[in-house]
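Read through the structure below, which is laid out as C-alpha cells, and then see the notes.
Order as written gives the chain letters A, B, C and D; numbering starts at 1 within each chain.
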Amino acid sequence: MSTANILLKVNSIEVIYNHVILVLKGVSFSVPEGGIVALLGGNGAGKTTTLRAVSNLLRGERGEVTKGTIELRDERIEALSPAQLVRRGVIQVMEGRHCFAHLSIEENLLAGAYTRTDGKAAIAETLEKVYTYFPRIKTRRSSQAAYTSGGEQQMCAIGRALMANPRMVLLDEPSMGLAPQIVDEVFTIVRDLNQKEGVTFLLAEQNTNMALRYADFGYILENGRVVMEGAASELAANEDVKEFYLGLSSAGRKSFRDVKHYRRRKRWLS
Amino acid sequence: MSREIGEVILDLKNVSLAFGGVKALTDISFDVREHEIRAIIGPNGAGKSSMLNVINGVYRPQQGEIILRGKHFSKMNPYKAARAGISRTFQNIALFKGMNVIDNMMTGRNLKIRSNLIQQALWWGPARREELEHRAKVEEVIDFLEIQHIRKTPVGRLPYGLQKRVDLGRALAMEPSILLLDEPMAGMNVEEKQDMCRFVLDINDQFGTTIVLIEHDMAVVMDISDRVVVLDYGRKIGDGLPDEVRANPEVISAYLGASH
Amino acid sequence: MGFFIETLIGGLMAGMLYSLVALGFVLIYKASGVFNFAQGAMLLFAALAMARFSAWIPEWLGIDSLWLANVIAFFIAGALMYLVAWLIERLVLRPLVNQEGATLLMATLGIAYVLEGLGTSIFGTAIYKIDVGMPKEPVLILEGIFEGGLLINKEDFVAALIAAVLVALLTLFFQKTVTGRALRAVADDHQAAQSIGIPLNHIWVIVWFVAGIVALVAGVIWGSKLGVQFSLATVALRGLPVVILGGLTSIPGAIIGGLIIGVGEKLSEVYLGPMIGGGIEIWFAYQLALVFLLFRPQGLFGEKIIDRV
Amino acid sequence: MLYRENGQFKTSYAADQQIFPIAQDRWAILGILVFAFIGIPLLGDEYLMRAILIPFLILSLAALGVNILVGFCGQITLGAGAFMAVGAYAAYNFHIRIEGLPLLVSILLGGITSALVGIVFGIPSLRVRGLYLAVATLAAQFFTDWVFLRIPWFTNNASSGSVSVSNLQIMGWEIITPFDKYMFCLVWLTVFALLAKNMTRSAIGRQWMAIRDMDVAAEVIGIRPLFAKLSAFAVSSFFVGTAGALWGFIHLSSWEPAAFSVDRSFQLLFMVIIGGLGSIMGSFFGAAFIVTLPIALNQFLPAIGGLFGVTISTAGVSHAELIIFGSLIIFFLIKEPHGIARLWSTGKEKLRLWPFPH
C-alpha cells in the first residue's frame, strides 16, 4: 500500500479494560482511502475492541487505549468523542445491530442524520438513496425496529450509519446470525457502496470466507495481536488460513463429521 | 458408529403460535427420533427459535400438542420440560453473568438437589455431601468440554466462543436426554466450528443424547445432521435427509440462494 | 352526590399536580435510564429558589411590580436548574455511564442529599411563600344541577390548566423535533445512539434541564398553594405510585396515572379513612398502583418489554 | 509476594469449596474474629460500643438480609425498613404477650413473622420486575408505617406506636451493659453471617443468582422462579426482621415506628450498594461506611471549620453533612460502582500479580 492515500492508521495500540484486563497488545494496521479492509480472527481475538478503540466507544465499557496512536488523515483521534468522529466521517455499526427498538425503521434512519447540518432536503435525498440500496427495509419503513427480522435490522443499522454521510464505516460482524442468502445480500451492498459511493470499510468478521471474498486486504488477529496480514487473495491462498479459517485442506473441504479429535498447531504460533 | 437411531420420542403435532396476531408458527408438525441429530434451518424470522421455545415450554402455542415419550402435553412449561430431560442452549448466550463457570454449570444440577434450605444454610449432612457429588459430576463435563483452565473465571470475562461452550456445559450438566441447541456455531470461525461439531457429535455418540439443532452454516448442517427440517415464514417447507433437503427446489429458492 | 363529585374533582386537581411530579421522573427515565429519586429535591430546590428570588429581587432592584419580580425570579430559578442539570451531567452521569439501574438510583439519592443540603444552606429553612397571583377564592359552579352547587378551587383549576399545557408542549417536543427523536433514540439504546454521533452528554443536560423546569413549575404551583418548606421534597414519594401505575416510559401514563391516584387517594381518605383510622392516603396510593401492576406489569401505558430469547 | 496461593494445591473438591480457599484469608479472618471477641472488649470503651459498634453489628445483619434479596436475587427493595419494623414489633408482641418466653425465641419469632410478611410482599415480584418492583416495595414501607402508628393493638395500646422493653436476659445472663449488648450482637451476627455464606454458596444461592442474572434461562434449567424469589424474600426478611428486633430490644430498648422509616430503608440499600452487591463481605464494608461516616462528619466538621476560623452552626453542620454525605456516596459509586467489596477483590488480585501486572 502506498502511504499517500492512507485514511486510517492505527499504531501499536494497547487496550485495557477495567484497569486490569489487557485485551489488545500492540495492534497496528492501516486502511487506505476507498478500500475494504477486513479484521479477521476468532472470538476474543480483539476485533471488536479494535473497532471500538477507533470509534472511541470503549469508555462505556470501561476500557481505554493506554498505548499507541490512532490517526485519521494524519490527525490524532484517540481523544475525540464518538460524535466528533461521526462529524469527521467515521461511524461504527455495532455488533448485534443495536437498532432503536421502539423507533420505526424510518425514525431509526433519520436519527442517523443527527450530526448533519446541511438541511432537510439533503437528508431526504440521502434517505432515498439508502432506500434504493436497501429496498427491503423501505417496505418496512413504518414498523417498529424490534419487530423486524435480523436481516432487516442489520440493513437498518447500516442504513442508519449511511445517513450520516460517512467517509468510513466500521462494520462489526455484519454476518452474525444471518441466513446465508441475507449475508450475501448485505455484503453485495457493502461492495456497491464502496464502489459507487466511495465509502471506505473496515470490517471485523468471523466469516472469513465471505470477508476475504469482498475485502481488498486483511489482517488476522489472535489474542490481541496481528499475526498475519496480506492482500485478501494472498490470505485466501495461504495454507494455514485455508485450514484454520476456511476449513479447507489440500484435499478440498473436509467434512465437519470427520474432524479429528486432535488438532495441528498453527505454524505462526510455533 | 455404534449409536442406533430409535423410535420417535418427541412429536410436535399441528403447532401454531402467534404473538398479538402476528403468526410465528403455522400448523407445524415434526418429530424427533431417539439418538438422532435433527437440524432446523431456515431464513431469519422463519420461526426456528420459536420452535425450540415451544418445545421447552417458554412459549405456549395456541394450537397443537407436544408428545414426549408417548405423554401428551398441551401445556408445556420450562420446569416440566426440564424435569422431562430437555435442556437447551441459547442463541444469544444466556449465562448467569455474575457467577463463575463452575457455579453456572452447578445450576444445571439444580433439579437433582434433594437437600433443603435449612440443611444448605447449615452446610450440613446431605447438603454438603450433595454439593461434593454434583461438583464431581460437573467436573466431568468440564473435562469433556476442555474448559478446565477457566473453571473459576466469571463467565462475563470469557470470550464469546468459550461462553458458548460453557452454555453448552450448563445444559449438559443436566444430563439431558434431549438437547436443544440454538445456533451453537453462530459467530464462530471454521476452527471453532470444528471444535463445536466435535463436541456435538461426541455428546450424541457417547451419551446417546438426542439433539435438536438450529444452525445457519449449511456445511455444518449437511455434514452432521441425520434429518433436516426447513422453515420459512413460520411454515414447514421441507423435511428429510440432508441431501433430499438440499435438492428441494422450494428450499433453494427460499433459503439457500443459487450460489450454494 | 354533590359532595362525591366535589371530592372527585378535588382528587383530579390534586392528581394533576402528582402528574407533574411524575412527568419529571418519566422524562429522565426515558432519556437517561435513570430512576431519579432526586426529583423531589429538585422540586424543593427550584421552589426555594423561586420563593427567595421573588422576595429578594424587589429589594435588590427596587421594583414594585410583583409580576415582574416573579418573571425575573422564574428565569433565575430556571437558569439555576440549567446549572444543576449541567453539573449533574458533568459530575455524576458522565462518570457513571453504562452502570446498572440500582447504582444510578443510589447516585440520584446522593444528588438528592446534596441538593437538599445546598438548598437549605443557601436559601434557609423557614417556610416561604410564593405569590404568583393565583386566584385563591373558591367558586361555585353547576348550581342548577346539584343542590347547593359544586365548590371548586379556582387555583386548582388554573394549576391543572398550566399542567395540561406543559404536557402538550412536551409531547410535541418529543414526537416532532429532531432533538426529541434523538432523546427517544438515547432512551432506547445509549451505545447505539452514541455510535451514530448523538452526543449523550448534551442530550442528558437537555433532559435534566427539562425535568428541572417541570420541577420548577410543579414547585411554583405547589408552593403557592401550601408554602415552600423542606417537606416539599417528600412530594416525590407521592409521585412514585403514579409513575409505576402509568408506566415509567409513558408521558400520557404519567398524566392518567396522576389522575387515578389523585382521585383514589381523595375518595379513600374521605370514604374509607374514617372506618380504619385515617391517614391512609399514602399507602393506599401505593397499594392501588400495586394492584394495577399485577395486571399490567409494565404499567398502564408503559412500553411492552420487548425481549427475545 | 506474600499473598500467593502458589503451593496450596487442592486435593479434594471439599478443600476447594471452603469459604476461604486461600490460607492467608483464613488466617486473616481468624485474626479479625479473635480481635472482635477478645481485643475489642478489652480495649473499647462504652461510647464506642454504644454509638458505633452495636449499630454497626445490627445494621450489618440487616444489610446481609438486604444483600440476599437485592445482591443475590436481584430484586431491588426500598422497603427493608418495613421488615425491621415488623421484626421489632412482632418480637415485642411475643415478648410481652407470652409470659416467660425466652428472649432468643421472641427475637427468632419476630424474624419468622417478618419472613411471612416478606413472602406476602414478595408476591408482586413474580409479575413485576426491576424498578417497578422497587417502587412497589415502598408499599410495604408505608403500609407498616401506618399500621404501627394507627393500629393500637400492635403496640399494646401505646400512644403513637412508642414501645419499650426491659429486663432482657438469656439463661440468667442479663444484657444490660454495652459490653453485654455488644457480645450478644456479635455472636448473633457471626452465626447468621455463616448461615448466609452457606446459603449463598450452595444450591439455593445459585438459584437466587440464576434468577438475578437471567430468569428465562434459570427457568429452562429447572429453577422455579416462584420458589427462588419467595425464598429470597423470606430469608432476607428473616434476617432484616431479626435485625429489627435486635435494634429495638438491644440497641434502643424503647422505640417508635419512625426508627424504621423509609430513610432506614434507603440507608440499608446504600450499605449493600456501596459495600458491594452480591457479596457477604460487602455488607460489612457498607455497614461500616454508612454507620461511621455521619459520626465522623459530625465530629470533624466543626473542628475543620475552627481550623479556618469559622464557627459552623449546628444547622450549618447538618446541612454540610447532607452535602458531604451525598457527594461521598456519588464519589464512591463513580470510583467503584461494584462497591467496596470489588475494590477489595481487585486489590487482592493486584496483590496476587504483584510485582508483575498483566
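Everything below uses one rule, namely that contacts are C-beta pairs under 8 Å (C-beta built on N, C-alpha and C of every residue); 3 or more make two chains touch, one makes a residue touch a chain.
None of the values given here were measured: they were computed from a predicted structure.
Greatest Cα centroid separation from chain D: this falls to A. When the C-beta contacts at A-D and at A-B are tallied, the pair with the greater total is A-B. Inter-chain spacing, taken between the CA centroids of chain A and chain D, is 48 Å. Once the centre of each chain is set as its mean CA position, chain A and chain B turn out to be 30 Å apart. Computed centre separation for the pair chain B/chain D is 41 angstrom, with centres defined by C-alpha atoms. Within chain C, the positions touching two or more other chains are listed as 309.
In chain A, no residue touches at least two other chains.
Annotation for chain B: residues touching 2 or more other chains are 58, 90-91, 94. Contacts from chain D toward chain B in the complex involve residues 13-14, 16-17, 195-196, 198-199, 201-207, 209-210, 212-214, 216-224, 231, 235, 278. Across the complex, chain A meets chain C through its residues 55, 57, 59-62, 81-83, 85-87, 91-94, 98-103, 107-108, 110-112, 114-115, 146, 157, 160-161, 163-164. Residue ranges of chain D in contact with chain A, taken from their complex: 346, 349-350, 357-358.
The residues of chain C lying in touch with chain D in their complex are 29, 35, 91-92, 95-96, 99-103, 105-107, 109-118, 120-121, 125, 237, 240-241, 243-244, 248, 276-280, 282-283, 286-287, 289-290, 293-294, 297-299, 305, 309. Residues 70, 76, 124, 127-132, 134-136, 138-139, 142-143, 145-146, 149-151, 216, 262, 266, 269-270, 273-274, 277, 315-316, 319-323, 325-330, 333-334, 337 of chain D are the ones that touch chain C when the two sit in their complex.
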